[in-house]
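The following blocks contain the structures, represented as structure tokens.
Both complexes below contain chain A, partnered by chain B and then by chain C.
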Partner chain A sequence: MININPKPTRLGREKPTVAIISLTACNGCLMEIINLGQLLKGVVDRLQITEFPLVRSGKSPTKFDIAFIEGSVVTKENLKTLEQLRKQSKFLIAIGACACIGGIPEIKNYRDREKLIKQIYKSTKNIENPLIKPLKEYVKIDLEIPGCPPNKKEIAKIIASLLVGKIPCIPQRPVCYECQIREYNCLLQKGLPCLGSITLGGCQAVCLKSGEICSACRGFLSKPAAKNLIKIFKKQGLSDQDLNNLLEKFGVRDEFEKILKS
Partner chain B sequence: MDKKQLQKFIQWLQEKNYIVIGPTKEDGQILIKTISESSQLDFSGQLPLYSFKKYLVPSREILFKYKKDDFKADLTAFKQALIGVSIFDLKAILLYNQVFEKDPYYQARLNNTLIIGQSQIPQFQNLSFKVWEDKYEEDILEHLQFDIFLGQAKEKKSSEFKIFTGSKKGQQILNDFAKQSGWKSDFEHVEYAGPIKEEGANPEMMKIKEKMPGSLETDIWQNLDQRCIECGKCTIVCPTCFCFSLTDQPCLNKDEGMRKRCWDSCFYSEFSEITGGHKFLKNTAERIYNWYYHKFVRIPDEYNFPGCVGCGRCSMVCPAGIKIHEVLESIKTK
Partner chain C sequence: MKKIVINHINKIEGHAGMEVNILNGKILKARMEVKEGARLIEGILIGRPIEEASLITARICGLCPAVHCITASKALEAALKIKIPEPIVNLRKIMLNGQIIQSHALHILMASSDYLGLGNSLDLMSKHSAAFQNIIKIREFGNELIETIGGRSVHPMSANIGGFLKAPNQEKLKKLLEKQPEILASAIDLSDWFEKIKINKFSRKTEFVALKNNKEYAIYEGDISSSEKLSISAQKYNSGLIEFQRASEIINMVKRNQQPYLVGPLARLNIAGNKLNKNARQTMKKLKLDLPCYNTFHNLTAQMIEIIHLIEETQKLLQKHLKSKNKIYRVSYKIKAGYGVGACEAPRGLLIHAYQIDNQGKIVKANIITPTAQFLFNLERDLEAFIPSLKKLSPNQKRQKIEMLVRAYDLCISCAVH
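Moving on, here comes the complex of A and B:
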């Protein structure tokens, strides 16, 4: 679900200061920003990027007009960074599935965490192993740019809006919209458990383009008709186990269950 | 005109700088696309799931761009020939012509478009999709707007087309083609007599129109409320749905930006939302009711013909299995 907290966005500067920060993550989101390529030139010209761990390191100024943050809170250090950044930033943007909805790391919430950690690390002594939560559960987030990875065109549009003092927003349209204006075959009608109808669009339905179902890496619409979708899934014979596996992939099982209960 | 001559005609149009667009088979699906060779066209009469509407109102278009105080609306349109437009889609174009009567983008496109219809009764796998009891006889042509029409002879195997024209432009083009190609010009002109038949408004439509208001409380809509997933697929494939949203999008370059128009659907939650967050359509029942109300009450009120041409596409694409003819039946018998 996308949270947009209206707030003064006249960023008040010709060249707003920007931080782009990673918590525990694969850095895929930051790569998307770097991959803006041609567009990046436009971005760099109009922003003053003062914190971008993948590009350069320097000492951090005390205030940012815009801050992008990706990844999950896994360590105490991560939490400190996040809280610190919140205090330092006027407009804090969570970017990517991990930051917005929990993402792939959240899969461990649905498994035996203690057992898992032992399978992965030789010594588990200094490894913190918390539940994974979207960043908005720790601090106030002003905008979420979801996706695994996020869509670079969308990032560019959002930055452009912020630069003119407009609160960016992602239209509440499902993935089906983008899938169908592109005339892709509907996999749900073929009996596959596609989550596109309840998932927030904006990714240009890339998975459907390659014949894969949508597994909701962008999180859900604000009021999805999930109760009716599940009826279709059940009719098509999808087992609870398979549905859970699908929903756990990007950590939206808890969200989904909340919607069904509401 | 036989198939060979038709292919020649299509080639000739391409030489005259027309982009030729028509149904073509791709991965077992009939899609409407730009074709490079006339042999790509599919005249099987199978109804393409996605209609011709995107060539008159694209799913996404830039209305204008600005750069500081400089403002540019791009109204140039390519010359395009839409070929193989079914009677369903021709009827839908009638509605579009009314709705977008004052839209300069639409009009620019329409002026550069050659509409070539084709009569075929689409072979539904399931004939129960039928919405209207229409007979596809030639007299239907006088109530449609087109330039050229290819009437396919009733005998299945025949590859002869009986040619009609419905506009001066169509006549002109066929005459030019005859002059330049040696085709023995042979066509009949049909004068457009308005969208409504002499007998007046469709009585079936009137019946639904009377029954719709006040039915929101009935279990027709409560039942659909428990089924529809609000995917909006029905509005995207419906050849008559015309709703769009406008977005102003600044660019990364300083002082530059654009206004865009893209298709929208009344099934989406922001469709009826206004400043302050109020939504006129609050839940699934109200949204699906609005869909029917618009097609079977508001459009008839405005134009005296239904906002549904009976193509059955919405039923074919609905993942929840909602069938328009069944819904209409329950409205009529309520």
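Moving on, here comes the complex of A and C:
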């Protein structure tokens, strides 16, 4: 049991206070929370969402039982927000690929980022351009909900689990597991570089459903069979550059190289 | 010199504040201050395969990913000189309709709370539950349109260069068509509720810019046109719309003849209001929006009208698709070097993607102009014109009115910075 619930009252317990915050992000993770649609009412009824700048204004309390945070640390302001939220929250949840594994913005880590910024701005003065890192490299994160975007049903399940005081856990199953039980076409067998076999499932293999390869937006399994997959890719004739491109897409190239070395 | 400073404006997408300088009661200048980090999306695209453009640019914005996917695809198709057949165009139009419907519905939820005296938009759930239910229903319909065709509502992956990776499920499309009358009724119901909202009074003449074509209320294709004399093809966008960066600011803003201009729902209505569908036209009358309308607070009203128009339009497109015997979902293409521009109407206005590609199918240069980057300049001029009328109000009331004007624009800071 985790103690996220605030003090007991005569009628049970007060509702946990919740913050939903974004750093530099696309707000797609927050959209998935709002896209709970009819389910959203159930969530809102059971929680006190006291900090959610996307939909509410006004002063908010300074302590939270649960906090969701999406996005990357790009500015000093972002870092301040993250560190402050850590101090304010009992249970801090990183949500989405940017927060959990670096995501799309991490692509620049593998490029000359000084050169890259000059392609966009005439004046780069005062524009911050740091390396992109997952949030757990800045503060302690209690739970990661991965995915770009995360799966809204998974979000609802995790909230439900927290409400009964259980620490939610995402089962260590690959995307392939969910792909096969849904009988989608195996794109790896078709000769495409699909990362589903080493990627943490929970997305219901949604990309495969659309005929798109898995690009590991949920990060890797804890013990991925990366070396085997590399052999298959090599046999298929995937060039090193194409492999790097694929791994960079959601910022897992560094992670993958670490796994290969270990 | 006095200053009005708002550090963070809530209920908008992203992080932004505002500063207004006042000297002897006269407004000197208003500046929007954007506090979002730059993700350098145009930079990270360089050197990457063209097929990734729609997936990567979708991540510019979680509120309008589908329109980025489609605009990127269109630009690359222009570079490759591929012609897209009508059945694919129709499906893309349905996706764009879904995108605008769901985004507008969310914004009505976010911005109407100001008029109802609610700080928290989610309070609509208990205090205006019928309207809230309608908004949720309309949003879900929009999302389902995107999901059924694009594979997922946030960051769809099926829409790419040449069409779709996978054919959409026909049964699901049929169900959506069956659901359409109910959703239209919900939207009309919502507009009855909307009628009670007293939109702020304000007027400042500006130039409206939107896509325009002779056939329809343009969303997917057309020339970049304005209420003044602008009419250029998307390919020549930079002959009329000029990007500029102010010292140490993070947004490349856009101007026309040195002046600001407005894009978005109100601009579209002003340019093509005569092409609205029947129910949308009636709603415009009911909500007493007369064209031309220079009150940017009415951007919200324009969103309500567009929701109804696009739900009607979706019915026509779904019928056309389901009836058609010639169902094509994807055309093949050959990689070659080239330059191409794509333009679509995003929920917040004109969106432009431009790419230079090499003969290996890699992106050499990318430029993306988002609606918010275009209208921020106009918003600043609006603020300068609007704030003097607030003299008699308390600082709190003043702040609230200013925020309402900012929110009427439905800013998307993530898009603006990207």
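To be clear about the criterion, the second predicted complex is superposed on the first by the 249 of 262 C-alpha atoms of A that agree within 3 Å, B and C clash if a C-alpha of one lies under 4 Å from a C-alpha of the other, contacts with A are read in each partner's own complex, and residues count from 1 in each chain.
Keep in mind that, in the parts below, a residue touches a chain if its C-beta (ideal position, glycine included) is under 8 Å from a C-beta of that chain, and two chains touch if they have at least 3 such contacts.
These figures come from a predicted structure and were not determined experimentally.
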Overlay on chain A: chain C relative to chain B, clash or fit: fit
Touched partner set for A:Val206, first chain B, second chain C, both or neither: second
Three-chain overlay, vertex chain A: chain B-chain C angle, C-alpha, nearest 10 degrees: 110
Which superposed partner A:Gly196 touches (first chain B, second chain C, both, neither): first
Which of chain B and chain C A:Leu131 touches, first, second, both or neither: neither
Touched partner set for A:Leu260, first chain B, second chain C, both or neither: neither
Partner chain(s) touched by A:Cys176 [first = chain B, second = chain C, both, neither]: first
Contacts of A:Lys157 with chain B and chain C, given as first, second, both or neither: first
Broader residue contact with chain A after superposition on the shared chain, chain B or chain C: C
Which of chain B and chain C A:Ser72 touches, first, second, both or neither: second
Overlay on chain A, chain C to chain B nearest C-alpha distance, Å: 12
Chain A positions touched by chain B in one structure and by chain C in the second: none
Touching residues (chain side chain A, partner chain C) in the complex: 22-32, 34-35, 37-38, 40-41, 44, 49, 52-58, 72-75, 77-78, 103-105, 107-108, 111, 113, 116-117, 119-123, 125-129, 148-149, 206-207, 209-212, 245, 249
Touching residues on chain C, where the partner in the complex is chain A: 8, 10-15, 35-44, 46-49, 52, 55-56, 59-63, 65, 106, 109-110, 119-122, 125, 136, 139-140, 143, 150-158, 165-166, 245, 247-248, 250, 252, 365, 403, 414
Parts of chain A lying in touch with chain B, wherever the complex brings them together: 39, 42-43, 46, 156-157, 159-161, 163-164, 166, 171-174, 176-177, 180-181, 183, 185-186, 188-189, 196-198, 221-225, 227-229, 231-232
In the complex with chain A, residue positions of chain B that touch it: 27, 29, 31, 49-50, 54, 59-60, 226-233, 236-237, 245, 247, 249-254, 257, 263-265, 268-270, 284, 317, 319-320
